[in-house]
Every structure is written in C-alpha cells, then in structure tokens.
Amino acid sequence: MGAQTNSQAGSRASLQTSNKALGRDDLARLVARDIKPGSFVNLGIGQPTLVSNYLTADQDITLHTENGMLGMGPEAQGDEIDGDLINAGKIPVTELPGASYFHHADSFAIMRGGHLDICVLGAFQVSATGDLANWHTGAPGAIPAVGGAMDLATGAKDVFVMMTLLTREGASKIVETCTYPLTGVGCVTRVYTDKAVFLTGPDGVQVRETFGCTLEELQELVPVPLTAAPAVAP
Amino acid sequence: MLNFVDTVADAVAGIRDGSTVMIGGFGNAGQPFELIDALMDCGATDLTVVNNNAGQGDQGLALLIKEGRVKKMICSFPRQSDSWHFDAKYKAGEIELELVPQGNLAERIRAAGAGIGGFFTPTGYGTMLAEGKETRIIDGRGQVFETPIHADVALIKALKADGKGNLVYRKTARNFGPIMAAAAKHTIVQVSEVVPTGGLDPETVVTPGIYVNKIVKVA
Amino acid sequence: MGAQTNSQAGSRASLQTSNKALGRDDLARLVARDIKPGSFVNLGIGQPTLVSNYLTADQDITLHTENGMLGMGPEAQGDEIDGDLINAGKIPVTELPGASYFHHADSFAIMRGGHLDICVLGAFQVSATGDLANWHTGAPGAIPAVGGAMDLATGAKDVFVMMTLLTREGASKIVETCTYPLTGVGCVTRVYTDKAVFLTGPDGVQVRETFGCTLEELQELVPVPLTAAPAVAP
Amino acid sequence: MLNFVDTVADAVAGIRDGSTVMIGGFGNAGQPFELIDALMDCGATDLTVVNNNAGQGDQGLALLIKEGRVKKMICSFPRQSDSWHFDAKYKAGEIELELVPQGNLAERIRAAGAGIGGFFTPTGYGTMLAEGKETRIIDGRGQVFETPIHADVALIKALKADGKGNLVYRKTARNFGPIMAAAAKHTIVQVSEVVPTGGLDPETVVTPGIYVNKIVKVA
C-alpha cells in the first residue's frame, strides 16, 4: 500500500501509481496525505469523513464542523459521548485542545469568507470545468435537502471531491456538463476517485495519477478530454 | 422587557396563530424540546417555522408538523432518515417548503437581527435555489440577493442566564440560538440554570440580555 | 425644581410645567424620568451624557455604548480608570453587574437592528417631520466626522434629541427643512429643549410642555406650526 | 499558516507599499501601538488605512499620516481635538478621505470577512454620505448599498493568544479586532500573553486562530 500514496511521484512518465483501483480507505489516506500541514479543513458527511482517520499529528490539521466548531477531534466513544458536542452529520465528536465554539452565522462566515483551505465533499457528478452536483438527484417527488453543501462548495479555497469514478451502472461521474442540479459553479479543484486523481478547472481535466489503469484506459471511461498533469508536488 | 416565568406554558403563552417561529437547535443539540412541547400544547397553529431541519422521529417539531400546525417550513435540510412526518405532509402537498442553503439561512437570520435589508452572496449562484432571485456579478463572482428572515418569536435553549437575561451556551448547542434571539421580536429561552446578575463573566456572554424577553428554567 | 419634572401633568390645559427655561441638568433630569423602566438606552456624546446622572436604580436602565458594551456604569474615578474600558466619547467608564462586551459589528447590530429602546442625541437642527442634522455644519473646508450618529438615528426605536431651542443668534433649531447636512430622515420622535418638549413625526410638531413660556410665545420663536399634544403619559 | 515571531519588526516585515492596512482600536483601547510603530519603521508607504479615526496627537497613526505614508484614510471620525496631522494633510489635499458611518464601517469590514458581496442598510439613506450610491426602498425604508472593505493586512491588539492563535480581548478593547482579523488576508496580532494550547476555554474564544497569521508578544 505504499506506492499509490507516494503521490509526489505522479509524473507524466509514471502516472500510474497503483496497480489496482483504490478502496475507500486507501483513497481517504491519499487525500489526507495531500493536505498541507497547518491547514483548516472541513470534511463533508459520508466518505470524506474517513479522511480524518489518516491525518497525522505532525500535519497539525484543524477540522471545522459547520454547526459551530474549530478543533474538532475524533468521533466520541463511550463516556465521551455528549449530546451538545456533535458534528455536521449529528455524530457525537470530541474536542481537541485549542478548539473554539461559535454560532451558526460565524461558523458559515468562516466557510463563506474563504477562510477554509480545503473542503472535501462527495459528489454525484463533477463537470470538466469544476461544476459540482452533490445535493439533489432532481428526481420527481424527491424531497430536496441542501444543508451546507453550497456554502462549502463556493467558500473553501480548494474543493476536493471524493467519489467512485463510475456509477453502479458504469457511467462516468466526471461529465462534460452536469445533468443533476448544481451545487456550485466551477468550484471543484480536484477529484479523488478509485481509478484516478483529476485536477479540474478552467483548463479542463488533468490526470495526476491513475490506479490500476493507464491514462488511455481511463480516457475510454471518461467522456471529456483528459491530459496528464505536469509533474508537481500535490 | 425581560420576564422570568415558572413554566414553559407561561413562556409560550401569547404565541398567536399565523406567527413565524424560529426554533433553535441543530440535530438535538440546542433544541428547546420543552418549549416546543409547550408550543404543541398551547394550540397555536398556521405557523411558519424556521429551523435547520423539519423535525425528526415522533417528537418536538415533527409532532407539530404531524398535527398540521405548521403551514410552512423554512429550513436547509428537511429530508432525514426519520423525517417521516414532514415527508408525508410534503408529499401530500399539505406543507410549504422554502429550502435555503444553510449558510444563507444563518446569514439571513443574522441580517434580520442586524437591521440589514438584504445582501449578495455567492452561495447558490447558478443553482436551482437561486432561480427567480436577483443576481449580479460582483468582483467577477456571480452572487445572489438574499433577504432577511424576521420572526415573531424565537424559541431557544441556552445553558445559563443571569438576572439581566445574558446567556451562555454549551459547545455546539450554541448553533442558531444567538442569531435567532436577535432576529425575533420576542425571544423565549429555556435554560438549565439561572445565576445571579454578575454571575456571568461579561467577557464570555454570548447573547446579551437585550435580545431576551422570557426565560424559563427547565429541570 | 419639582414641577417641571412632573411631566405626566403636561395636559392641554396646563402645558406650561415650569415658570422658567430649563438648564442643562434640569433637562437631563426630565429626559431621565421619561425613560421607561427596563429600557436599553444609548446616550450620545456631550449633553445627552448628563442624563445618566439622573437615572435611578429603580428604573433598571441598561446603557449601551457603541464601542462594544451593554451595562455601562458611571464615569470611572481614580483607581477605577482603565484604558480598556471607555465609552463612545473615549471617557473611562465603569462596568455594572450584568454587563457584556462585544465587537463593533455586533455592537452596531444592536443599534441598527432596532434593539435599543431609546437613543438620546444632540442636534444642530430637527425638522418638522423629524429629520435630524447633528453631524456636520457643511461649512466649506470643515473636516467631516460622523461616527455612529447615523446608525443611532436610523436604528433606535425612539430618537430623543436634547438641545437648546435657539442658536446663539436666536434662530430656532426646530425648522421646516434642515439646512445642515442630514444625519437621518424622519427619525426623531421627541425633542427636549430648554423652552419646551416637542413630539415630532409625520403628524407635524406637537408641544408636550413648555418651560417659562406659553405655547403662543413658543410659536413666535418656532417657524413651523405647533399644536398642543394630547395629554398622555410620556 | 500561523507564526509566532519575536519582534514587532518581524511581525510587520513583508507589508508592501500600496497595501490596504486595517488598524484595530477605538481611541487608545485596542490600538496596537507597537505594531503601528513598527509599520512606521519598516518604511511601507502609499498605504490605505482603515481605522475608526485618523490618528491623534503625535503618536502612532498620526505620525504615519504626518510622514506622508498614508494616501487614503477610510474611517468614521477623523476630526478630533488632537487630529492636527490629519487635518493639515487633508486641508493641503495630500490625503484622501472616505468617510463612512461607524456602523457601516463595522458592517462592511464584517461583510468582507464573511464573504458577503454587499448589503443594503438604512444608515446614511437620504444623507450626503449616500450620494452616488445605489439605493432602494425595502419594506418601506430607504436603504443604501454598501460594499465590503477588504484589506491586505490587519494590525490588531488582543489580550491573550494560545498556541493555535485563538484570541481573547479585554473589555472595550475588543472593538474592531475580531472583524478586522477576519477581513484581512494577513492578520498580525500583538498580545500581552501567550498561553499554551488548551489554555483558553473554547467557549470563550473570541477570534478563532483560523483568522490569525502572526503573533508577537509585546511587553
């Protein structure tokens, strides 16, 4: 499991950093390693929450939870469980030294004011220009619920998406134009999937590394033009 | 005027049919369950309720919705695994929903308390939640015009109050309390403890008493 | 000095509640007695500050200072003086039990959000419809400075003005239309002067009581139509 | 990234000519005098300064103005009994003044930190300070459109910082610190005391460390 997380080796010549697709935990570990030391980060509900399991003390990452806290610690266990100390997913969590509490408007000001270095979100679809769809299927009769997704998508300096590349039906979730209702326009900067890491933005979609496939094989799965990213540190 | 009352029934007395009622809390943290139960018992109906969610399980706000007392929900996240009473009313077309991104919900409530007539925000721009709203490009970013959410009444939960109505909260239960207290004409607070005036450090007061109208201690 | 402060006696039949014009302290005492118990009040810099000398403990008035405090006490004396505890006039003050501190945006939210029951301000001019001019003479070359005057004028539920009725040159400061630059439009609800108390608003100018003059004598001084206010508690 | 530095000179190193610099304080309370002196010494010029006032006496901001280092002041109350250096520059046409009602100043700074593109407020409506600005009637009240005030740098004073850069203030010295810290790209704080991480009660933190870049302890 060492090679695929050595992400700095992702050069044009050796895009493939794993000989098999990544599992959810491997992907979470990879995202965790890509987060710069000292960053302030919000991890979305669901798969992104796994990232916290792989952050190291050396990284000194401060986690934000939008219901009103910086310095959130791991999920609470046993006696630690306190109904007044929960995360955005309403799961009991813990408080780390140096934490702080604030009300909802102040908490969303942190997100909306561009103060978070990174948020990590799940997605239904990401477009070639970084549009995000992750809140609503748009299905007739579905009850919509948005929460803080739009604030995170438009507010954080970098928006990382974690998702499987393909739907259960085998369709690419990286698309030319999102067919699901949008969460934000042109906001996603990086997409972590089981088969590759993509960089998205105004210049189109670049591939930083692949897992268990070549760039050519990946291109066959994804309906937008892919190019290899220049070799740079993540 | 600040009043300390003895019962939650006294606390909610006077809430009228047709009122807009803000209810604090995110999940169970900060939910003023006893005040919501009292609102249920007092009979006020035709309510517009502002809360992050739209009730969970078979308690509190979910029961108000079940009993048909809520004509409209303003919230960010109505659909949850146990939001069946809202789901049923919504699918039956018996409740109106204004769905608001959570940060816009918080900022619009804050705007009401702060006397702001409206504001532009990038949140929601280019999405279906901005449809029909005024937009403009500011500094190269698309932004949506959002208006304040005022309320007749706020029901919130705090940890402690002093004799002046100053409030402190506990951990993430703080959430919507401070901004709802400022946005409502009449703010009703349930607290776990009332301390003498002077018993809270002025540096640590989160909601100044100017925003508080009624306080009830709940065991 | 008793009669003129018995303001509730100000009926149509006995508008005159003092046989002489009021001094600054008498006026401050009168304003203080008119403030309802339990009110939250901001006293402007200068003459309005005198009002605090006449508030009684029974009234339980909470004073706001816009630099960031509720529960402001009297001016600090001797050892009480603390450079970190000042009022909007930058005078050292004291802290009462039940005080609270907040930052400037939160403090002005209290003012602008309509949460103060009363603010008391000085004025250059007040118009018949309650327009206020109190921040700028408009003189060529004068350096303008506004501070929180406009926020107080537009934000408080009631705006009381304290001023002499006449300028040094003998001109009425209650005017048909302000000639000085405005602070706020239609915001003043009551004007306390040495010669009378006026109620201003959309219905024109009503006189609640006079000091050392009759309504007729007052009308000769003031260039807008005056009527006697209905006898009501202040 | 948060850095603790040893000297005020290190703290202000890197402030460039032409920067917009917010300076906390109201009167002397909360004025970061040592940081202002260091800004004086570092030589940065052509500055736009955001402060409630425009310098008093012969110290701090007044000296920066006297030395011609400030091209523009954004403030609410420049004219004071001892604002002679500003007065002279202003009368000589050597400094630009953007006069802002104090609440608009605070709210515009807050808007910058909170990602608001602009807002409507009744303050200033119908006055010369609204001339040339967009207005509209909202709920029957005339309102003026005001835009956020962003800054490159904020210089503020707090009482204590912990190892994470969380700040608490003291009494009315809090004033502009919290909102300026959020509105500036780079926030530099002078404190009286640095305590270990965990040494501040999380309930009482006023400025979370996310808003702080450099901290220097001043004796």
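In order of appearance the chains are A, B, C and D, and numbering begins at 1 in each one.
The working rule: contacts are C-beta pairs under 8 Å (C-beta built on N, C-alpha and C of every residue); 3 or more make two chains touch, one makes a residue touch a chain.
All of these numbers come straight from a predicted model, not from anything done at the bench.
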item: Shared interface partners, meaning chains that touch chain B and chain C; value: D
item: Chain labels contacting chain A and also chain B; value: D
item: Furthest chain, CA centroid comparison against chain C; value: A
item: Centre-of-Cα separation between chain D and chain C, whole angstrom; value: 30
item: Centre-to-centre distance between chain C and chain A (centres being mean Cα positions), rounded to whole Å; value: 56
item: Whole-Å gap separating chain A and chain D, where each centre is the average of the chain's CA atoms; value: 35
item: For chain B, residues contacting two or more additional chains; value: 107, 114-116, 121-122, 169-171, 202-203
item: For chain C, residues that touch 2 or more chains besides their own; value: 69, 95, 101-102, 105, 108-109, 111-112, 155
item: Chain contact graph, described as a line, ring, star, complete graph or other shape; value: other
item: Chains that touch, pairwise; value: A-B, A-D, B-C, B-D, C-D
item: Chain B partner contacts - residues on chain C that touch it in the complex; value: 38, 40, 62, 64, 69-71, 95, 97-102, 105, 108-116, 155
item: Touching residues (chain side chain D, partner chain A) in the complex; value: 1-2, 112-116, 162-164, 166, 182, 197-198, 200, 202-203, 205, 208-211
item: In the complex with chain B, residue positions of chain D that touch it; value: 107, 111, 114-122, 136, 138-139, 141, 143, 147, 168-171, 201-204
item: Contacting residues of chain C [partner chain D, same complex]; value: 65-69, 82-87, 90, 95, 101-105, 107-109, 111-112, 131, 136, 141, 143-151, 154-155, 181-185
item: In the complex, chain D residues that touch chain C; value: 26-30, 76-80, 83, 86-87, 90-91, 97, 99-107, 109-110, 121-129, 142, 169-179, 206
